[in-house]
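One chain, chain A, links the two complexes that follow: it is found with chain B in the first and with chain C in the second.
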Partner chain A sequence: MTKKITIEPVTRVEGHGKVTVHLDEKGNVTQSRLHIVEFRGFERFIQGRPFWEAPVLVQRLCGICPVSHHLAASKAMDAIVGVTPETISPTAEKMRRLMHYGQIFQSHALHFFHLASPDLLFGIDAEPARRNVIALAMENKELASQGILMRQFGQEVIEATAGKKIHGTGAIPGGINKALDPQDKDRFLNGADPLNAAKMVDWAEDALNFFLDYHKKNKEFIDNFAAFPSNHLSIVRKDGALDLYHGVLRAVDTAGNKILHDIDYNTYLDFIGEEVKSWSYMKFPFLKNKGKKEGWYRVGPLARLNTADFIPSPRAQKAFEAYKAYTNGKPNNMSMHMHWARLIETLHAAEMIETLLQDPEILEGELIREGKRQSEGIGLLEAPRGTLFHHYQVDDNDLISMANLIVSTTNNNEPMNQAVHLVAKEYLEGQKEITEAMLNAVEVAIRAYDPCLSCATHAMGKMPLKVTLLDASDKMLDEKLKN
Partner chain B sequence: MKILVYGFGNPARQDDALGIEFVHRMQQMLEREFDTLSNIEFDIGYQLNIEDALKISRYDEVYFVDASYDEKENFNIVKLYPKPLQHYSMHSVEPAFILDICRELYGVLPETYMVKVRGYEWQMKEGLSPAAEQNLSLALDAFQYYIESDIQISEKQPMIT
Partner chain C sequence: MNQIIKIEIDGQVCMGQKGQYLVDVARENGIYIPTLCNIIGMKPRGACRLCTVRVNGKLMTSCTTPISNGMQVETKSEELDNLRNGIIELMFAEGNHFCPACEKSGNCELQALAYRFRISVPRFPFQFPQRDIEAGHPLLIKDHNRCILCKRCIRAIKDESGKSIFAFTKRGPKVGISIDTTLSAKMDKTLAQKAVEICPVGAILPRAQAFRSPIGTRKYDKTPIGEEESSKKDPVAL
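And then the complex of A and B:
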């Protein structure tokens, strides 16, 4: 009998989705899909609101990376008030960058230590009770504690720059509303161990070394698990440097050829299309010049280290050189190397935080500027999970009349589906019994992309885990519910 | 004794804001009534997260406050015990799980309660529904009485309305 296995929601990713794997009568995988089952409707929610509210309102999209939405919306609103990345004040840009690198640092630390490391430490075939953060804490308290303190440090940088722990107000159209308090600068640079920038740089390097050591012992798994060729897209600085806050759009193919040549992101609609598929609420972006079938691309740490020519901070650059040497300078298409790339970026973020804190312009200077009012604004940046697009139109009454957001996870939609299919074929095909380890392998492949599928309401009783078994005609054979 | 009242939720999801609203209004109510609130602190969050284990390790008594989808009463206060989770998502971190991390990682176990206020509407919209607003008002009155007596009386029982 043919059957369909449904895993819903995928665990240990932000938000929830479900995975379906179709098996034929011989147990061969015929189709596998990552479905996004919640429709967020945020783009409609924001229509009719005054444009200056957007940077605060859009943070409500996500509880894990609100700063990315806050800053992308602020960049778009800069354009509305006539301020460009070239004309924004140095103090405003540096404060925003500090906020952004604080966000990257805490989000990457959270992902590696508390979402991915249990899989790495205990293996994807470990019993489920061992594959969680408590097991990690019990067996490696130092690692778990470091992860929490790195996240706390990043959160404190965000609070000092955004003004509030949640729904910060630091960035406003045309600039920022305050410079950094000298006491905060002193605390972050010279605070008692371990909560200071120098210690965070050291710990980020320790985490990278932890991964490299793991890689040495588990090369086959790390190099081959869910590896597949793809295009890669991100913003890079005009000189080709890794830049997570601002730059031009670049894409490379699997051989490293440039297929999007450092374009001004204000023209993104000329180069990027979005395909709709009936079985998912999430769209499928693609490069128009390569078409729907060949034009899909990956975003995020792996893609960024494939598009960038170098990293403008010394310790991360050294790590980048070793990383690039592993693939002889060619693009890296190994999905589990996403963790390696993420940890190099974590180190870069820590170095950038330390550098920005030492810059005198972050303490004083012009906070806000204005220019010629525009009716349309586009803001892009590299969020922890990848390229984030915010695009707005504003009417004559200053109200938002159109919003289009392409979030990082949407950009990674097709790659995640590709990864799920590869893993499903490898682990599920021809098996008589579907084990927990096999199902977890599918989830591990998705988790490498650190997806933020939605920010569902989390009110108690609203997050069940539903596993449904259906035959080829979608008739339910079995269903299990876990809370 | 140090007490933390910690509400969490998404203010853009109607009644999901109950936890945050509870904390804002309770803080205002207590500050109106008392000159100093040296042993009670308030905090809010969009959702619980891993570092909250470190936060609660610094208190003797903790009250988590959240909207409840399936609570049958208008509101409820129940004692929490540490509970490990097998399936982990940052969007479904339960208070009992945070308590478990706190115990395992920091070796302390604050007396912890869950205040659940029943909500009804969860659309992408701001503002509480009228029914949730009423539940919040009832919960605030009861909690104020509860927390005041907590300061005076060392032994207390979980309360069910």
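And then the complex of A and C:
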């Protein structure tokens, strides 16, 4: 008799999803899927709205990294008002970058400390009641409080640039609505410990060292859990540097060969397609030159450190060199190394915040520019979870007539399905009974991608997970539900 | 010589001049009565009913009621708050007021009133009406989703010959206020800006100028609506 296992909801991720695993008569995994079961439809209801509303409206997709949507939409709307990344004012670009790095810093801190670290500290098979940030705070007060304060610092950087910690209005078509207040600059650079940029750089490095120490002790798990070969895609700066705000699109295959050669992202439609499958509201993007079957790719911290040649900040670059040496300079395909890459990026974000704060152009200068009005705008950036695409068309009356969003987590759809399949085979194959620890193993694999299912489907709410075990005739044998 | 009239508002003796409306006398005496359709200095219309108070025991709109000697006025009570909240909630339920993406947010009188009266959810079901946006005018956009039909634009925005540039269109539940394309053809930027400012909500918008005011600098970011009036001056001394 075959079985179907359903995990619903998936926990400690953003949004709502479920996993189904099909087993044959011998208990072998025949099919596994991560289903995204909610739908929001921002692409449709932004139509007919004035174009300048997009950066403020579309960011409501998400409460974790709304700055990504705010800035990607603003970059697209820059194009509508005739401003390019080359012609935008230095003050506007630097304020936006500061906002963005503030967000990368807080979002990565949130993921590592609040969502992922309980699995690492207490183990996949620990009591579910312990696998959360509260237990973390009780058992490792210093680590937990660092995580919370790092997030606070990032949120305060966002507030100083966007006006609010969540859903601000700083970036507008063609620029920004204010320069940085000198008092904020002084507070972030010289504020009392720990809420200053230098301390955040130190703490980001401490978090990285914490992971490296964990890795040493748990090499087998970190290197092998849900590891699989894939293509990797991200934006890189024109000279190959890691750049989370702007650049060209690059993809490499599992051996490190370039399969997307630093293209202008305005031509993304020539290179990237989206496949729809009946069992999920999340689309499946792929590289057209590789086809639907072979062209899927990963995005996010792991992919970014696979595509970038170097990191333009000293301490993160040093960490990057050690990271690259671990795979002899070849692409890293180990899912759990996503945490390693994420913490290197956290360190980079802290360094970038410190550098930008010292730039005099962030305090004064031209805020808004205008150029020749266009009818189409495309804005891409690297959100915490990966490459984010915003694409709009605007009619002659300034109303949006088309919107296409490819959100970071959507890009990671197939990789997450691959990870689920691998873990399901390892942990569930041949089992007669499902334990909570087995289900959590599946979730740990998904969680490594820090998925934001709310964004990816334009869905709302937290991400619960349901696992159902079905037999060959689709009769449910067992089901576990997690809220 | 102006005739001085003495009235009592919420137990406080106030003075005004003959012919003045109650809402203006209250404001000049540092007492806030919420309004939406009223424009200081213009003939009142009593359209929104938000300024309803009890005058000598009867419910009356303070914007259309001239003062008279010995008038006893009550502006604050649980009953009046409930009536005003009901009016505000009806406006939110009747239109499509999506504050998070509205550029008037922070400068919007309807939103500011909802904050002042601590309204989080209307007691009435949202109607989600199907409404469009008039986006053909070169200077302005008229968003019917947010219009509360207060008539402020109709009364205040006129061409050189005194004709209203905004006018009612359709009837009954489909009634709306539109820009007269012929009369508005000669509208200059100053008059367009006045139209934007006279609108208490985000129904009349300038083209491509949104979100220029950073959060924290908008009208009601730090001072709730009505606070300026309340703290304007001490009550008139006898």
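Operating definition for what follows: the second predicted complex is superposed on the first by the 454 of 483 C-alpha atoms of A that agree within 3 Å, B and C clash if a C-alpha of one lies under 4 Å from a C-alpha of the other, contacts with A are read in each partner's own complex, and residues count from 1 in each chain.
Note that a contact is a pair of C-beta atoms (placed from the backbone, for glycine too) under 8 Å apart; a residue touches a chain by one contact, two chains touch by 3 or more.
In this text, all values refer to a predicted model and were calculated from it rather than measured experimentally.
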Please indicate which partner A:48 is in contact with in the superposed arrangement: first for chain B, second for chain C, both, or neither. second
Contacts of A:57 with chain B and chain C, given as first, second, both or neither: both
Output check: A:341 vs chain B and chain C. Expected answer is one of first, second, both, neither. What do you get? neither
Touched chain A residues, chain B compared with chain C: B
Examine A:169 and indicate which partner it touches, taking first as chain B and second as chain C; both and neither are also allowed. second
Contacts on chain A seen with chain B and repeated with chain C across the two complexes: 57, 60, 167
Can you tell me which positions in chain A touch chain B when the two form their complex? 9, 11-16, 40-42, 44-45, 57, 60, 63-64, 66, 110, 114-115, 128-129, 131-134, 137-138, 141, 144-145, 147-149, 151-152, 155, 165-167, 455-463, 465, 482
Can you list the residues on chain A that touch chain C in the complex? 48-53, 55-57, 60, 81, 162-164, 167-170, 172-173, 177-178, 368, 397-399
Which chain B residues qualify as touching chain A in the complex? 9-13, 15-16, 44-47, 49-51, 53-54, 66-71, 84-92, 94, 97, 100-101, 104-105, 116, 119, 122, 124-125
Which bits of chain C are touching chain A when the two form their complex? 98, 100-101, 103, 132-133, 135-136, 141, 205, 207-216
